[in-house]
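One structure is given here, and the rest of the page talks about it.
Letters A, B and C mark the chains as written, and numbering starts fresh at 1 in each.
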Amino acid sequence: MNSTTETDSVSDPILTLNSIEVLYDSVLLAIKGVSLEVPRGGMVALLGANGAGKSTTLKAISGLLKAERGKVSRGEIKFDGQVIGDSLPQDRVAMGICHVIEGRRVFEHLTPDENLEAAAPISMSRQQIKSEKERMYDYFPRLAERKSAEAGYLSGGEQQMLAIGRALMTQPRLLMLDEPSLGLAPFLVAEIFDIIQKINREQGLSVLLVEQNAVAALKIVSQGYLIENGRVVMHDTAEALKANSDIQEFYLGGGEAKNFHDIKHYRRRKRWLS
Amino acid sequence: MDWIFLAELSVNGALTGLLYSLFAIGLVLVYKSSSVPNLAQGALTMLGAYVVLAFSIQLGVPLWLAIPVAIVIMFFVGLGIEKVALRRLAGRPIVMILMMTLGLDIFIRGSTLAVWGGTSRPMELGVSYDPFFAGPLLLSRINMVGAAVSVALFVAFIFFFRSRLGIRLRAISDDYMASWSVGISVERGVGLSWALASVVAVITGVIWGEIQSVDQSLSLLLLKGLTVAVLGGLDSILGAVLAGILLGIVENVGSAYLDPIVGGGSRDLLVAIVLILTVMVRPHGLFGRHDIERV
Amino acid sequence: MFYRQSGIRHRSYVSDSKLFPIPMDRNLVLFLFLLGLAAPLLIDTLYLNSYVLPWLIWTAAALGLNLVTGWAGQLHLGYAAIMAVGAYSAVHAARFGIPWEFALLIAGLASAAIGSVFAFAAMRVKGLYLALTTLAMQFVMDWVLSHVPAITGGSHASLQSPPFKLLGQPITSDAGLYYVAFGWCVIVTIFVLNMRRTGLGRALVAVREKDYAAAILGVNSLYYKIVAFATSSFIAGITGALLVVTFFFLASPEQFSVTVSVQVLAMVIVGGLASIIGSYLGAALILLMPGFANSLFSATADFLGWQMDPETLAHIPNAAYGALIIIFLMVEPLGLGKIYNNIRDYFLVWPFDQMKK
């Protein structure tokens, strides 16, 4: 769907991960050499099971690893052609990376209005904040209706919208979403994904999407990476991934039932790849 | 016991109570942002008063200038304490954090007295000691001034927490991780709350220094301030103000009735009992935050 | 080096649960015990009774507090109040004519009874709120001690302790008093050492780590909290009584004020939570530190030819004591016990320390 922009920017991705390793507590190796690219203005999905290392990858990019006593021990992360070494999370937000963390995590005791305001950069003028907030309410009209209730009392879908809106207030060029569909009704997932796609198309915002709900994710992204056990085991366009029988079997829940031999074969191939 | 006397006890108690609120606001500021119970607030109050006196007596600076200078100095002292001592303890068991604030309390008290000595000195704000007559009631002037300052500070903080900076501080107290994720510097925010608490300590120290003169006993306000803060809910400034009034009245009226029976000194006992009862019956205090259940 | 693990193989559960499986540990403890026995012969009586004796008694106190704070994880800021209960009940009982053996037992039981009241607070709340409640209880006790003349003889009064006798033998000599303190400290140490490998010790640790998870596993956390508070208070009571009997010789309220509670907690934290060796080291450091700071400062002042204000000098120990706590929490929050363990671990594998991981 974004094929034109994608081919234009293949040579100049906005985000490049070059075989990074992540170490927790200086002993636990959670990511073992992940490489990936997000094209400028593109949408990329990071798929995989629980504990595969998807969230850790996002935290490595946003710098939130530090809060969990983890660090990138090897490899480099390049954003917009610049290596982001050990910089603090707030500096990365200022560069234009924003991470919508898993589980929504809105500021519960603030109103949606204040949630949005808290995320606005310090340099932003009052006037700008106001117009930016208006823009968010245009994207998410549901939030406008409840803008002065305490955010902790919003429904799950509204909280997710607020979390995304709050992230957009930081004026990101790369938006990273961690499981936005978690615990939401399918129609809400569709609504939220539509909006993300719309922002991507209108503003040229690059998106890195982490999902377990591979069906929904592959509908909107142009390409996807598959992570298992802290390694990238597959990378292809969304169409190819959707068509891949292994992916269908393990992540899309469709496909025909395979016999045991095939599964063993798949597992062996995976081990060899990783 | 006639009604006028009871009313006088209550009103004076409420005024004194607002002065406890002044102290408790400092505790609430730190607790709200970082869930650290700052047991060093008493020592900071004492240090604040001593710094004011150091400028006004030793250097001869007029009091109206000495107070703002002390406020600025203590602002940075608060920032420094957070950065040096508390930041690296984040995530450690609460017993270590408590011990750290107790250690800070002992250290600040000890070094303040080592530098300036323990003899008690007057603050000399120039508030008259003559009682103020409000109808049939006899009120203390300095308590009225202090209560007014306390209420003014309360209003100022209400507005502060609506400002952009204040919203960010409230965001930090809600969720560290989410704050980082949108580029709010949690460290700076927590540091700022310590700095503000230290500024409040200077103001508390000046008012209380005028009431009971400046010496080591200023740090003993901790028990009362702590009781007020817990009764108010530890993270609510409004709670601290109302709980202060409540505790002041209970203490003043209660001790007037109890003192003749037990032979004096029942104030501290009443305060300790209020603290125990609060924790036992309603640990979240009057206005403490109940964590919101997701609906 | 020194600590050799090689050649130690356990073939039965009994040998596996030995107190000191490594010979070096056993020998070291034995050596220290003999040193403690011989101390009156080796150390000048002045030092013995003004340094070693209080150190041993405060170590026993720290071990008692460590039981409830370190092992069971319950914050306690009113430990001195419990010690006061023991001290005053023992002295009153002895003045009433009860033999000291029973007076000490009464002290322990009275403290255990009052200490269990603290445990009821621990049933309702934990963490910070428990700390605040116990702190408030300490203030209540301070108030009682200074306002009830029947107990203390009135405010600022002190209560003379009657002559100390054990088993009909009057104990007045310096060495005798020392051995009483030493014996008590050894008893408490042996109790705590063994507690770690019993069901009680494991239950306490389970309650500390997650009390409701412990409850799911069938550990009655309420029961164990009360047991922890009662046991620790029993130790506190007898320790408080012995402190009066062997060191102060009279009981007065300020010996058991809130600062003393903070001091014992400081010993536990500086020593290390749930560390026995740490309690010894922590008590030593906190007790010796003020005197050391004082002499260091006056020596420096003398050397530089400064005139030190006596008042300044009087407050420096306090500042140094606070600084010590702060620095420890900044540098090694797990305390001296952890530092000792690091050294021991180093020797355990030396010179093959690359094998550690």
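One rule holds in what follows: a contact is a pair of C-beta atoms (placed from the backbone, for glycine too) under 8 Å apart; a residue touches a chain by one contact, two chains touch by 3 or more.
None of these values were measured; they are calculated from a predicted model.
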| item | value |
| --- | --- |
| Chain-level touch network, classified as line, ring, star, complete or other | line |
| Chain whose mean Cα position lies farthest from subunit B | A |
| Chain whose Cα centroid lies nearest the overall Cα centroid | B |
| Whole-Å separation of chain centres (CA-atom averages), subunit B against subunit C | 33 |
| Centre-of-Cα separation between subunit C and subunit A, whole angstrom | 53 |
| Subunit A and subunit B, separation of their C-alpha mean positions in angstrom | 44 |
| Of subunit A, residues touching subunit B in the complex | 62-64, 67, 88-90, 92-94, 98-101, 105-110, 114-115, 117-122, 150, 152-153, 155-156, 163, 166-167, 169-170 |
| Touch list for subunit C against partner subunit B, complex | 69, 75, 77, 121, 124-125, 127-129, 131-133, 135-137, 139-140, 142-143, 146-147, 262, 265-266, 269, 273, 309, 311-312, 315-326, 329-330, 333 |
| Subunit C-touching residues of subunit B, taken from the complex the two chains share | 37, 84-85, 88-89, 92-96, 98-100, 102-111, 113-115, 117-118, 223, 226-227, 230, 262-265, 268-269, 271-273, 275-276, 279-280, 283 |
| Complex interface listing, subunit B residues touching subunit A | 164, 167-168, 170-171, 173-185, 289, 291-292, 294-295 |
